[in-house]
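Given below, in the form of structure tokens, are the structures.
Okay, so subunit A shows up in both of these, paired with subunit B first and subunit C after.
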Partner chain A sequence: MQTKIKFPSKRLLLLIFLASVSVILLESFDLPKDTSFLFNLLTLLCGFSLTALFFIPSVIFKRRTDLDFMSLAHMKTPNAIVFVSAFYCLYFVYTAEYFLIKYCDMFSKKLNSEANIFAVDLVLLAVCVYAAYKGTNAIARCSIFVFVFSFIVLLIIFTGNISNIEINNTAFSFNGTKSDFINNTSFFLTPAFTAVIFAVLSGYTKNFRSRQIVFSLIVTAIIFALILFFTVFVLGEYAFAQDYRCFLLSKTTHFGDVGGFDSLYLSLSVLTVFLAISIILTCICKSTGKSSSLPTILVFATIIFVLFICAYHFNAVKELLSNHYLLNIFTFISAVVIPVIYLFAFGRRLNA
Partner chain B sequence: MYNSLTKNLDTLKKMFASSADFTVREMNLSAQNPVKSAIITIEGMCSKEVIALSVINPLLAYNFLKNSSDKILDEIKSSVLTSSEIVEFNTFDEAVMFSTSGFALLAVDGTDRMLAIGVQGFSFRGVSEPESEVVQRGSREGFTEPLRINMTLIRRRIKSPDLVFETITVGSESQTQLMLCYLQKSVSPEILKKIRNRLNSCNLETVLASGYLTEYLEDKGSKSIFSGIGISERPDTVCGKLTEGRVAILIDGTPAVIILPHLFVEEFQSVDDYSNRPYYATFIRILKYLSFFIAVYLPGIYTGFAQFHPEYFPTGLLIKTSESLSQTPLPVTLEVVIITFVYEIMREAGLRIPKPLGHAVSIVGALVIGESAVSAGFISSSTLMVVATAAICSYVTSPLYPPITVLRFSFVIVGGIFGLWGIVLASCVVMINMCAKTSLGIPYMSSLAPFSLKSMRDVFIRADWKSLSKRTIKVQKFPETEDRYADKN
Partner chain C sequence: MPKKIILILLCVLSILFSGCSSSKQVDKASIAETVTVGEKDGRICYTFYLLSSSDTPVFTSVFADSFEQACTKAKSEYIPNLSLSKLELFITEEKIMDKTLKSDIKYISEKPYFSPLMYVTLCDDSLVEKFVNDKKLPEQVEEHIVLIKNKNKDISLNCLSIFNNFFSDFNKEFSVSYINSDREIKAESIKINAEK
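Moving on, here comes the complex of A and B:
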């Protein structure tokens, strides 16, 4: 179903940005209690700076050859590609599992504890399979509508909480330990999975400019920072004992007597997770060398679903699959290590 | 064909199975040696008066000096007949085609050629305002069934030699004539070629309406409840689309004209928008978009909220809604589905029922459903209001009524089973489907996704004519279409 017509790279980056937003919405990371707002902001900036670095190898490939890393790997190493493809498929399965577990946890804890979590996962996967079958271009076009919706929702959440802000001076002190720094930075590095998506799908795009990535990351960082700001100054001490702070913010949003905007949070979280998992499924397809092949997508979706069932029956599996440290290591290898190896091996022979 | 008149007439009689409307007027032409000839018509298709004045009288009054039948036929064609349209042919298939199109056939003994004389006189409906596309300030003319009249309605509005009409015949039995209509300098040759290929691939026996061809004209792998084919009965609408590089397909026997390619945003545009002031036209456009969303989502969201998320209702509304819902025996999902279904039955009955009985249907609908069912406690008044509001909103964009109806039912069922979460996921499915759909290779959601800032002057807002007239955006120039249809002119 994937057409051969290239679409603007701005749209891919918009899609990537929205996938990052799902990280924000589903974050259940425990901010250390004794850390200040400024400290957390610094760790956020560090996390995003590292995320920007993760994009560099795939940007070099794109600028030199106008191809994505995966297509280049298929061309340059036809014998070794099986191993590279297998690794990237494994990475994307892991990432999809990470998001599904995060979302389903949020769903059962905050929205409906009596819902059958496997049914939720199955229905969500089914919709994502359909989207992946329709191709990257269709998903990227869809992201335009989700972007408009997310802009409205986030604007409502932020403006609806302005009256609840209570600034205290201790928040602007700078205290935190080294381990807190590493933990926080590691969490804020989670959106770096988008660098791997870019590495795999950038070949479908045209009119690429490096500043588009910088702009996208800056906007994502600003949204993270705003969420952090409202978490600290609206929810305060209460936030440190809770997870899914975005959900809490949506509950506290009010305009006069009008409240209940958590329905918007519910809608936005579904939309962004849908985009993230759909684009991950297309990346799996691309990694196998096939473009939007339904049998391939179905096979991997089945694997993801089976893994999900295992995760909810065995806690150890769940902890492994929802560990953001492991995700970051995986991301580092996929976005940096393997592409850099190819750069060193074939760098001089790359032509646009 | 044969040189013998008798053999030709016998063959044609056999082809028409001696049909009662197959008429032959035999006569002798005055020449050195009298030559037999015959005029063949299908009764009701030709004007008897015109045949008598323009064909029979001149033929009988003329004294042919030539002896050869071929030369006599040539003389008839060039010097005798006063009809403005005369076509020469020599096959029986053409004879059938011309005679069934209202031409009178002239056969002369001794030659294997015949003449088809344009003397159409069949009855047809006059030019009137189309009931499905009523406007306040635009033209009151609408297309009719005869192809030639529809061509004239377009030609009168675009007095340019660039306007081209191209004939195609479809339907192995019906031999229905189509006209491809386009502006030579505006249209993309590749789009035109695609349309021709798809029409030529049509293997239907009969084509009686525009709907027969839509499945052949849609892009493969682009199945959706939304249609990538535009239909209009208004000449002014069609002419506007032609200037944007689109192609119109006129079909003989139906007033509905097909317009290709067709995009989602066009469903919210109407001729009135360009007659009204920009601020009012913009207001109406936004109203149409809002009405579309209300028509599709309101019953589903109401069902989902009432069933799973009552806390999302404002307090006052929650009290009223739960009060009315608590008095009804059925679950809210079933209530909404039943009321919507009954409404659709009444709407369909209202379409088919003879006009004198139409009032009875309205009264029955209002009394039975509006009053009695609520008083008896079968349905709640809040549910009835929601369904009625959605129904009224669906008529604001009436071309989208079929997909709105299907989506409305779907969202009600999904909302009733899965709640708001299910409605959002169902919306994702619909969004992906619409974003993946193409119309002759052009993304169906063009102007919105892929986003085009230039096109926004005529999507949610209607910019003033100074802005609109600066540059007409041709349909083949939309983003992600330019690469496919690079203008090679």
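Moving on, here comes the complex of A and C:
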């Protein structure tokens, strides 16, 4: 279904931005409680600076050849591509699993603990398979609507809490240990998986400018910081009583007597996770060398679903699949190590 | 044609599998709007006032040591479909405040279905008894709480604010509202110690 027509790069960056937002909405923010505001701010800046660095290899490919890394790998190394493809497919299966587990956890903890979580996962995957079959351009078009919706929802959540804000109760000190620094930076590095999506799909886009990535990352970092710190300013100690701070923030939103906008948060989280998983499925397709193939998508969606069932039956599997350290290591290999090897091997010929 | 079949299937699946099977019909659900905590025969009594169309209040009283225990007991023994997500008012008798208030606030703050903006107030002995006969009383109490909020900005009226005062390192003493029903209902402020 995917056509050869290129779509504006801004649209892909919008999609990537919304995929990052899904990380923020679905994370339960288990940052150590004794780390201070300034320390967390510093780790956030470190996390997002590293995320920006993860984009560099794929940006170089895009600027020099107007192709994405995956297309180039298929052209330059047809003999070794099976290993590269297999690694990227596994990486994307892992990432999709990471999001599905986070979403279903949130769904059962905050919305309906009695619902059949496998059925929820199956329905979500079915919709994502259909979207992935329609191709990146269709998902990117859908992201425009989701962006408008997310803008309105975040605006309502933040403005509806402004009257509660109390900065006096926050200590502006600098407390934190080395292990806290590593933990927090790794936590804020989670949105770096978008660099791999960019490395795989940027070939479909035109009119690319590097500043689009910088702008997208800055906005994501601001939203991350707002949800993280604004919640503490507004809710004080209450922010630590429950996980999913954005959910809590949406519950305390009020305009006069009208309060409680948690349904908006739940709608936004399902829309963003739908975009993230759909785009990951298209990335899997692209990694196998096809622009959009229903049998390939169905096979990988089945693998994802089976792994999901395993994760909920074996706790060790679930811990492994929802580990952000592991996700970041795989992201580093996929976004930096493998593309840099290709850059060193074929860099001069690319220039020529 | 295949597209339409897929779309119809997805619609049906989403309705069947998204948890509607365990949903509660409004007419069958028991939605608690107000909870009062008082003392009867030397035991702590939690009374759940339910949403209903009848002229008199519909309520269930449960003897328990804490709100957590009262909720579990109410759901298992008296009101199986009890829903607490619309709870607006939590009233505790002042004389038993030391025994229950702090632990009840902590329990409420840990559960996602309670609203952090729920009004929490103290009252005198006779108000809890008046709730049993007067259906409009919770509404009047809420009106008085709003009035006192407009007069006194430093007063802690909702669960969020009271929790922060109890569990933060900044305040050792803070004000909450107190409903006095001596002649007519009147909201006053009362200081309580966070260290209690």
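The criterion applied here is as follows: the second predicted complex is superposed on the first by the 347 of 352 C-alpha atoms of A that agree within 3 Å, B and C clash if a C-alpha of one lies under 4 Å from a C-alpha of the other, contacts with A are read in each partner's own complex, and residues count from 1 in each chain.
The rule is short, and it goes like this: contacts are C-beta pairs under 8 Å (C-beta built on N, C-alpha and C of every residue); 3 or more make two chains touch, one makes a residue touch a chain.
Because the structure is a prediction, the values reported are computed rather than measured.
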Examine A:110 and indicate which partner it touches, taking first as subunit B and second as subunit C; both and neither are also allowed.
second
Scan A:341 for contacts with subunit B and subunit C and give back first, second, both or neither.
neither
Pick one for A:260: touches subunit B only (first), subunit C only (second), both, or neither.
both
Pick one for A:251: touches subunit B only (first), subunit C only (second), both, or neither.
second
Name the contact category of A:80: first (subunit B only), second (subunit C only), both, or neither.
neither
Quick one: is A:235 in contact with subunit B, with subunit C, with both, or with neither? Answer first, second, both or neither.
second
Have a look at where A:165 lands relative to subunit B and subunit C in the superposition and call it first, second, both or neither.
neither
Can A:123 be said to touch subunit B (first), subunit C (second), both, or neither?
both
Which residues would you name on subunit A as touching subunit B in one complex and subunit C in the other?
111-112, 120, 123, 127, 130, 260
For subunit B, which residues count as touching subunit A in their complex?
221, 308-309, 311-312, 314, 418-422, 424-425, 428-429, 431-433, 435-436, 443, 445, 448-451, 479-480, 483-484
Which of the residues in subunit C come into contact with subunit A in the complex?
6, 10, 13-14, 16-19, 22, 106, 109-110, 112, 115-117, 160, 163-164, 167-168, 170
Once bound in the complex, which stretches of subunit A touch subunit C?
109-112, 114-116, 119-120, 122-123, 126-127, 130, 164, 168-169, 235-238, 241-242, 244, 247-248, 251-252, 254, 259-260
If you look only at subunit A, which of its residues touch subunit B in the complex?
1, 5-8, 11, 107, 111-112, 120, 123-124, 127, 130-131, 134-135, 137-139, 141-142, 144-145, 258, 260, 263, 266-267, 270-271, 274, 278
